[in-house]
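Chains here go by letter, A, B and C, matching the order in which they are written, and residues are numbered from 1 within each.
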């Protein structure tokens, strides 16, 4: 591992840690603008994290060690995911550590931990949220895998770095399959990140909430870690989406300078992506929880269609 | 890889894929008005794909086909259907016999079947957009599925028209157009058919007080 | 003047004329005169074709040879007799208050347009136009079936439209595939759908595409023939539409759809090694025959029952053409003729009978022979004829089909015999009490037109006893063209 690569990896992780809450804040701000509300400050997530880290942790009496461990595990998983996803460069030391399938596994691991922790204390809301989270995950993961298979078919590899490099270097060819996969990926991202129309991150309405129901019992630094992990997840998905479907401008060597050069482009792409996310959340209504399977079923369908279209239309015999 | 695939073929493939996507969207759509809009959109995309074929192959009659498709399938037919729905005060909800995810899964199976059936033929084709034949067949089958699963008259007719769209896609994109006489005849038949059906809707509603076809299950054997 | 142009012009012009002026007093006469004119033109055209051989019309778009001119003549003839029959029949319906004047106008204009579309379908050389004409025939008959506007007739018409719409869409896909195959050989000229050109190059057509194409065409046009399992529309449409419409549906439309399949079969046979198309047709034919035979016994409505009988015969004819070869094709053509004539005669008789009794339920129809001996005997003789009793012509053709099947496809013989036996028992058992039995029914306001019934039956009888040599030659030639 070269020093440059090591530095680059550190830079990518640090950038993720710093940018993730900012992205959340930016989405919130955009959403407030679009909905004609006065927006919270851009740095609000940082203030909240700061506040939460200073507060004491209040634990339920019957909380097991798992409950205390889970926030760290979730945070760790998300950080690892952010480190693997080529946000700035495809040639990072950690990139070969996991391919796309393993990446899905990392997200799945985080989901397991947070659901277990939610059920650990034994409150009604916690187990309700946990169950809903598993339902969403069980439907979203196949769709995500199908998206990945489509991309893997195009690039003949499941490694994220290779996929991104292949896609970035292709000549300008219209892939209908890629469009399908892109839409499916957007659907999955919305569901996985607990956004409207599957979940609403801004509400604590017990009938509909998923993510918020799971973390009701958390407080203090635990809550801070979980909130931060949620931001990291959004960041990870955004970067993954950008890398897979808009891969232009990502550095391909572990050159530290090239990565710094790639950073502003990433910022711009994330900024636009955040705006779009806010727009999607504004124009859509939250759907009933029982419609969520339909929503994710559509995502799965789109991904499968992408795969089929890829096989029929684009593979030349 | 796709090296050297001309832009026109890419565009046709894209349009074909979108048509397939719209076929699925129609299958999933529960309400009448959006269903008609989706149908109009499909007609629009179909016209676009025909236009691309026309530009690529410089066949004059395909320009006419594209124009005809645009006029008939993207504008006139949706307009007629819209008027019908408004005049008939059809209830807005369209229920499906099979639930939507199950229909979707059946749809995916149909697409796979269609692709498999069309695959050997696609390989024989010399046109650059040969893959579209499978998509056309899939669209036909999905429309067929829609006709089977719907209980209301208008969605059934939209399914029928969507089937025609699939056939048209097969005719223009996969084989670069049937002779003009035939296309004109087909278009005329479709138009006349829809007008007749429009008249029919009123009669059905007068007789049954509803456009629900499930009321019409009295004719049975034995 | 070109006889062919006249043939097509008469129904088209008179159809348009009747659309405008169908409520005038002379309109029913115009309907009959136009049909008679069409028949005359077809007869003259037949003479011309027999004398001078096949010919084209309108460039190469239309093609008349000995095979389709036979169908043209048959279609025009049954069209004429049906129009004669429908004159008093429709007046009676009007007197009963079941039809209003505008409906009668619609009926007459649609009837002529229906004839026009069928003649176009029969004579066109372009397989695309064939499809268009078949679809147009569907549309006109949908309006005819729903003429009474009762819930049942609307339901029947809707079923008819949707099922045949689906079927005809399959046929279009088959046509597109055919074009797809032809284009590879003939190039992107306008000729790739012209049958005469296709026949010349049939050996070079891609077998894989042609096989798939034929499957779609068979299923598609087969829906209109009434082949199982897509036959469901047929009994409803026959039972709920006016009787003249049932007569032309059974007697003509089914034939035309079968004709379309035959044209396509010639191409498929040329392209595909082995008997793919024939076997497929035999399979569908047997299935249809068997299914219809067993449904016959369950019917309560007389028109429904005879509709199932039509399905049964179409199955038999499809089977015959599926076997192929000169004898079976000959028998197939003969049976088509016999069935057309007999079945339309039966529907004429049934029409008058139901009008007299005021119901289509067989349980309520009794003692026709007392009410009107002519109708009673007509129905009885027609039934005997359609059941294949000698000396009627149906016997001859069924006998030929059976013997040919025994010789070449012995496995099918028991199935054929079983189906025919079941059909015989079911129909005869039901018609017998209807004709002979106690009744009290009153006279009709307009005397029924009985002549068409007996003209048809007389021809069938004559053909059973003696087939004129020119007709034999004609059938042989048509059978040879099928290969």
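Throughout what follows, a contact is a pair of C-beta atoms (placed from the backbone, for glycine too) under 8 Å apart; a residue touches a chain by one contact, two chains touch by 3 or more.
Everything quoted here is computed from the prediction, not taken from an experiment.
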item: Relative to chain B, chain with the most remote C-alpha centre; value: A
item: Chain at the geometric heart of the assembly (C-alpha centres); value: B
item: Pair of chains ranked first by number of touching C-beta pairs; value: B-C
item: Rounded Å distance, chain A centre to chain C centre (Cα mean); value: 66
item: Centre-of-Cα separation between chain B and chain A, whole angstrom; value: 37
item: Approximate Å spacing (C-alpha centroids) for the pair chain B, chain C; value: 31
item: Touch list for chain B against partner chain A, complex; value: 1-3, 5, 7, 10-11, 13-14, 16-18, 20-21, 24, 28, 100-101, 104, 107-108, 111-112, 115, 118-119, 122-123, 131-132, 134-135
item: For the chain B and chain C complex, residues of the former touching the latter; value: 59, 117, 120-121, 124-126, 133, 137, 140, 144, 147, 153, 156, 160, 163-164, 167, 170-171, 174-176, 178-182, 185-186, 188-189, 192-193, 196-197, 200, 203-204, 207-208, 213, 216-219, 221-222
item: Residues of chain C defined as touching chain B within the complex; value: 61, 126, 128-129, 131-132, 135-136, 139, 142-143, 146, 149-152, 154-159, 161-162, 165-166, 169, 172-173, 175-177, 179-180, 183-184, 188, 190, 192-193, 206, 208-209, 212, 235-236, 239-240, 295, 298-300, 304
item: Footprint of chain B on chain A - complex, ascending; value: 170-171, 173-177, 179-180, 293-294, 297-298, 301-302, 304-305, 308-309, 311-314, 316-317
